[in-house]
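Two complexes are shown next, each including chain A; its partner changes from chain B in the first to chain C in the second.
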Partner chain A sequence: MGAVSNIDRDVEPGPDWRGDSINAAATEPAFVEEAKLNRGGFGVMFWVAVTFLVTLTLAAIFAEVLPLYEFDETFRGENRDGPSRSHWFGVDGGGRDIFTRVIYGAQISLIISSVGAVLALVIGGMVGLTAGYYRGRVDSVITTFTDATLVIPPLILALSLILFLDNDANRRILILIVVFVLLSIAPIGRVVRASTLVWSEREFVLAAKTMGARNGRIMFREVLPNVAPALISYSLIVMAGLIVVEGGVAFVGLSVPPPTPTWGDMINKGRGDLDVAPHITLMPAMIMFLTVLALNFVGDKVQERFEPRESVL
Partner chain B sequence: MAGSGSAHLRNEHETLLRVENMVVEFPIGQTGDVVHAVSDVSLDLIEGETLGLVGESGCGKSTTGKAIMQVPRPTSGSVQLDDVELTTLDDDALRETRPTLQMIFQDPISALNPRRSVRDIIAEPLVIRWEEEEGRPATSLWFERFGQQLFTRVASVVVKPMRFVLPLGAIAMVLWIISEAAEERRFEDQLGWTQLPAQIIGFPVLAIGLGVLAVLALLSAIWLLLGIFVPFGVVSKVLGDISRPVGLACALFSAATWVFMVWRTWNSLTGYSAWIVRVFVIGFAVASVVWFVVALTRSSASGATSVALALASAAALQVFYISGLDGVTKLAVLIGAAIVNLIVWRIVKRQLGLRRDELRARSEPKVREMLETVGINPDNALDRKPFEFSGGQAQRLSIARALITDPKVIICDEPVSALDVSVQAQILNLLEDMKERYGLTLVFIAHDLAVVKNVSDRVAVMYLGKLCEVADPDDLYAAPAHPYSQLLLSAIPKPDPTKPAEETPNTGELPSPIDPPSGCRFRTRCPLAQDRCATEEPTMREVAPNRFVACHFPLIGSDDEGSATHAGATAAGAR
Partner chain C sequence: MGVIRELRARPGPFVFAALVVVVVWAWFARPPVSWTFALVFLIGLLGAFLTNGRYALQRVLGVVPILLVVSFIVFSLMASLPGDPAINILGPAATPDAVERINAELGLDEPFFNRYGNWLGDAVMGDLGESVQLRETIADGVSRTLTPSLQLMAYSLILASLIAFPMGVYTAYRNGQRQDRVINAVMLGFFAVPPFVLALTFVLFLAIGGITVGDTDIGFKILPGARYVPLGESVVDHFKHMLLPALSLALGISAIFMRLLRSDMIGTLRLPFIDLARSKGVAPRRILWRHALRPSMFTLLTVMGFSIGGLIGGALITEIIFTIPGIGGYMFNGIVSRDFIVVQGGTIVIATMYILILVLVDFLYLALDPRLRTSGGSGLGGGG
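Coming up: the complex of A and B.
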């Protein structure tokens, strides 16, 4: 065994290798800056989508102070009239202003889908993170339970819960939220689990273990920040899905009872007049379509923009 | 060859790290088969020594390194660091030894979390150690700090009320306008746009109402604070150190309380003007959930914190229970709750933030020193993310991270394999410098024999989970004693393009570690294999001074075990 310092080196470093590397970070090559810039903005469409969503949300929250009609106000003699200056989206079969009803319907759609998506994000995120990080038995137990929720048809679950309870609108909303959360945990949990499986294989997780970090610290400090973009963007897409599912539930009359407007209910009611007054169905459908599109778009962009970066060099 | 035995181990008193008969096996699903990744490997290191561990891919080098780090723990065998047996330590005791045993990984980019800044990455080992050592301050101490902060904060609210009251008053006003407007809409039809200006003209009137609101809000805030924290203070003084389970129980209890509150509140609200209040309820519920998560997951949070947070969030929701109140009073209580939330939240955030800032400030000089030591300018690097660095620089960061806790032993798991040749040299020289400067002992795992020859004081050749040969690098390279060592050496490409590549003898496939060959594990590829190799496993023995080989027919030295003439003849032939 030779002495520590007397090892001949086949490869001699350049005379100023250390000096070079000290300045390496300072004189960063131009293309690094370029790459950073290129990652840059979200694009025009993202901001259009965000503006639409924010406008819709604000309109829904402040619907009562906005200069709208009452949502159950009837205009006799104007039934099924198309869009006009006084009724932007036209009038429905009951003589009610569709624009007003779309805004009030957004209250229900947005509150159910956003609360559902946020709760599903928190619960599904925890479940997926735990399953993906610990693997093995923990994983199979959790996955079994979450997968079991996938076999429940949402309409049947909502129906069975609602039938046992009264017609109260607020309680219906709560039930719908509970149903939607139950149904969204599994998909979100799966996405997070898959992502966690990949990230917790990485050497920085091993490094954290060799540094003596506890499991909770590794999960929340090392793995979660890397999983978060996928989690958040997928939750936005789940939220879009919940808006559609709420529409479907309302379509069969299981959502909030009338006269409270919901998008699905409006689409359903317009069905009969589709040949003479298509706008009754199409206007709420269009807003629902645009909302879902905007949410998907925002979700995609968020994922794209915040995806962890590995290396540009 | 490829055998067991510990003839090459040195005196126990001399060695710093000692691995004896280490076995690592991984089960394959439920099949009952196991992968024999490392089978009966013994190694030792004297302080200041560098042990090179070479072998093909899949021979168990990295697994050996990780098993020494106890991630995962070896199936059997012993690992002694400084006479402390690591394999039997419990998790907490093992954590305490972590600073003395560090590891550098193969892929420098993968070993650094892309989401964290260099400052946090390098400081992490220190921060973890500090949090382990002082992570849970005594409950009473925490409460004192919390109480002090709370009362300074309350005092500042009293002294400078405008700072708090004005923005909240503004919110209150907006809420009031909304509720009033909604109210009026019920009685009058189609006021439309004319409604809002009328209210804006009524601003001075509202401002007076705002004053009343502010006073009420302040009073209710103080009432809530006194109601919660004074009893809590008394309780904690009486009980002394509140344990974590008690905190947990309180948290669960108040969680149940506020679920009930939300339910009651939700159902007691009617009409669509209640949506605003619902949004507040949801907001508070979310804030409370965040608090619980913070309270229950912070390792530094004591029982008292959990209790305080739980009670505070329960209290915040309690106000909604007062649904009999109307109009201005209701809003005032609402704002009072908002103030309580704000104050407690800010204090908690401050506490957490203070802790983080304190740890950052404490670790910064050391982080800077380490970055400078490994040749990276700290001023530029501290706040950058790993992706902004090249592979070589990232490997320097890994080295800085490994060095920051002043370790005795560093396991380098192929630290230069992912780097290009010129950068390899830099990193190797850096490791040499660090070794001299900090008196490190290194285990250097590599498949590149040239690299190992450069850095090692002693080389161990591994094959399929077993050691083949342990020797001084110069001796080994001059005359390998094991047929496998010879095969490895002959596989080194000669940097001379004019010469035709030599026929590499016997480059077979590595057998499966699930079902390794009987006897000597190398026999399936060995040019010298005899019947004996299949039945009898060779053990380590000294064939020449300081040359240990696990082979029945070593290429050098006296062979008192096998047939001397045969071994000599084949050895000569093989060369």
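Coming up: the complex of A and C.
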């Protein structure tokens, strides 16, 4: 990275231009082009992802009434057996049916991540909206605090907080949600703040101000509706992120304690048998991967639809 | 004086040369990691001061309040954690007298703000306290565990860049075409795999022979399993053992890098100067890599800074899976054994490095964007 100031200096017309255009649609503005791409609807994969998520959610909600085994029911002599007709995902090291445990594990993952994401969006959204709308001193105080929490390693902070808030592990789901919300406020606040900074410069905000609208009204009636679409699709991506973090916390054994199944714990417990019975780890890992993938994919598509120009991150 | 003037006019090459010297020196002399890091930061600082003193000063002074807030958050969190340090040291059968004596010795009988002030003063001087359980100072523990973590971080970042730059440039070039869509879909897949799932999958298929479906074996035994080999012991073994952990961290990050680079690059390719270069007949490859890449890198650089910080302390689970004695595991043990002075010290070191790296990234902007070099000019907000 030298400090070459004139990057066009040594440009000469050469014969090697093949007419292979760098950007065929350069004449049209970005959003027109993207909108054209999106006109054909969301695409098949989008609906596959939605179907997967809906099925998983329904299975988790109705786990008790579905024809599953008990999640702590042991099958003697079948330890570490691979997938079969009676045990779709096989049996784990403790002789328990993995398919059943994956469905019950989905309960924990989905509850924590969805409640966490919604609460984090509400609080983080408020923080970001305030910082971005008022600017100046309010902004710099809020930004200093969010920056300060962003530089503390999140998993370490989460684990310390879990131990700080809770020793007996009975209210663990609640504690996890609180911790994850605390962790997500700063990143969400940043996104909303950036978006608010842009929108509150617009003419209709100025118009509302000239008409004497109060700050609160402008924030919620003028700015928020414009920031909200990006926020809602972002919530799916936050949810996917929380599933991964919960998996990590469960992996080190600090999520909801056994016998309740969690994906991270199942993946961790299967590690010792990776060479003889890889399905014990692979099955929950695969479902976790598919869930996170589907959430990200749906979030992405929705974001493209709402805000074609900002469809990154 | 000629050298100084030349240095002020174009500090980039000089700074770059100085950094190369530091890296080569560090490779052979193996100084403590903290020294190397401090040197790199000082050189970057010097370069920034020479190019735009006011901007550099502003940026460095801006670090102070954030560091104060971080240290206060960390200290008050750890101070309010349940568990009495004196009982931890003496055991549950301690007499009240002994507890009082230990508390006085550790300064725990003073008011909260005095304790915070003392701790902060010591921390600034490099004294982060001592772990009673581990029988070593925090400074020793951190520098012992920081080396493997920084190595892992560096390799992950290099791998991620090696994947992300070609892919990002190529997909921007093929924007909307089939190649773009396929690469994007694959990268979204990488992004969605949790690193520990990726790590275990790699171990399964590349290190321990994979799975058997029917009569066919799927998988290889080409890489060694989990172990950490220091660089000084065997360079080849070191990299063999670091490949899988670095790769499992790198893939997810590379997906983020690629998408950022792609979208910024698409924006750049629509600008008039690209049309000018094309009309002059510059080869597409040259337009992409020499003309369009540099102005498209700013968002990516910022996010790179963030992911460096995230990798230093966030690789805990990868460290556990591959038994790498890094700082993540060091702090995790501190949490589990309630040795909070370890967590406190480790967190503050990681947070400080994180902030300094973000400042370095901002200085890198100076090298990349000529508009920022004149004082008063603030062509880019930075987003930082």
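Quick note on the criterion: the second predicted complex is superposed on the first by the 247 of 313 C-alpha atoms of A that agree within 3 Å, B and C clash if a C-alpha of one lies under 4 Å from a C-alpha of the other, contacts with A are read in each partner's own complex, and residues count from 1 in each chain.
To be clear about the criterion, a contact is a pair of C-beta atoms (placed from the backbone, for glycine too) under 8 Å apart; a residue touches a chain by one contact, two chains touch by 3 or more.
All values derive from a computational prediction rather than experimental measurement.
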item	value
Which superposed partner A:133 touches (first chain B, second chain C, both, neither)	neither
Which of chain B and chain C A:156 touches, first, second, both or neither	second
Contacts of A:89 with chain B and chain C, given as first, second, both or neither	neither
Which of chain B and chain C A:297 touches, first, second, both or neither	second
Which of chain B and chain C A:203 touches, first, second, both or neither	first
Partner chain in contact with A:107 - chain B first, chain C second, else both or neither	first
Touching partner for A:62 - first (chain B), second (chain C), both, neither	first
First (chain B), second (chain C), both or neither touched by A:240	second
Common interface positions of chain A, toward chain B and toward chain C	1-2, 5, 7-8, 11-13, 17-18, 22-23, 25-26, 311-313
Footprint of chain A on chain B - complex, ascending	46, 48-50, 66, 69, 71, 94-96, 98-99, 101-103, 105-107, 109-116, 124-125, 128-129, 132, 177-178, 181-182, 185, 190-193, 195-196, 266-267, 269, 272-273, 275-276, 278-279, 282, 286, 289, 297, 299, 372, 375-377, 380-381, 384-393, 396, 398, 401, 421, 424-426, 428-429, 432, 435-436, 450, 453-455, 457-458, 472, 474, 546
Complex interface listing, chain A residues touching chain C	1-3, 5, 7-8, 11-18, 20, 22-23, 25-26, 30, 33, 37, 144-145, 147-157, 159-161, 163-164, 167, 194, 240, 244, 247-248, 251-252, 267, 271, 274-275, 278-279, 281-282, 285, 288-289, 292-293, 296-297, 300, 311-313
Footprint of chain A on chain C - complex, ascending	10-13, 16, 65-66, 69-70, 73-74, 77-78, 80-82, 173, 175-176, 188-189, 191-194, 196-197, 200-201, 203-204, 208-211, 256, 259-260, 263, 266-267, 269-270, 273-278, 280-284, 287-288, 290-291, 294, 306, 309-310, 312-314, 316-317, 320-321, 328, 331-332, 335, 338, 343, 346-347, 350-351, 354-355, 358, 364, 367-368, 370, 383
Of chain A, residues touching chain B in the complex	1-2, 4-5, 7-13, 17-18, 21-26, 28, 32, 61-65, 67, 69-70, 104, 107, 111, 115, 118, 122, 168, 170-171, 174, 202-204, 206-214, 216-217, 220-222, 225-226, 308-313
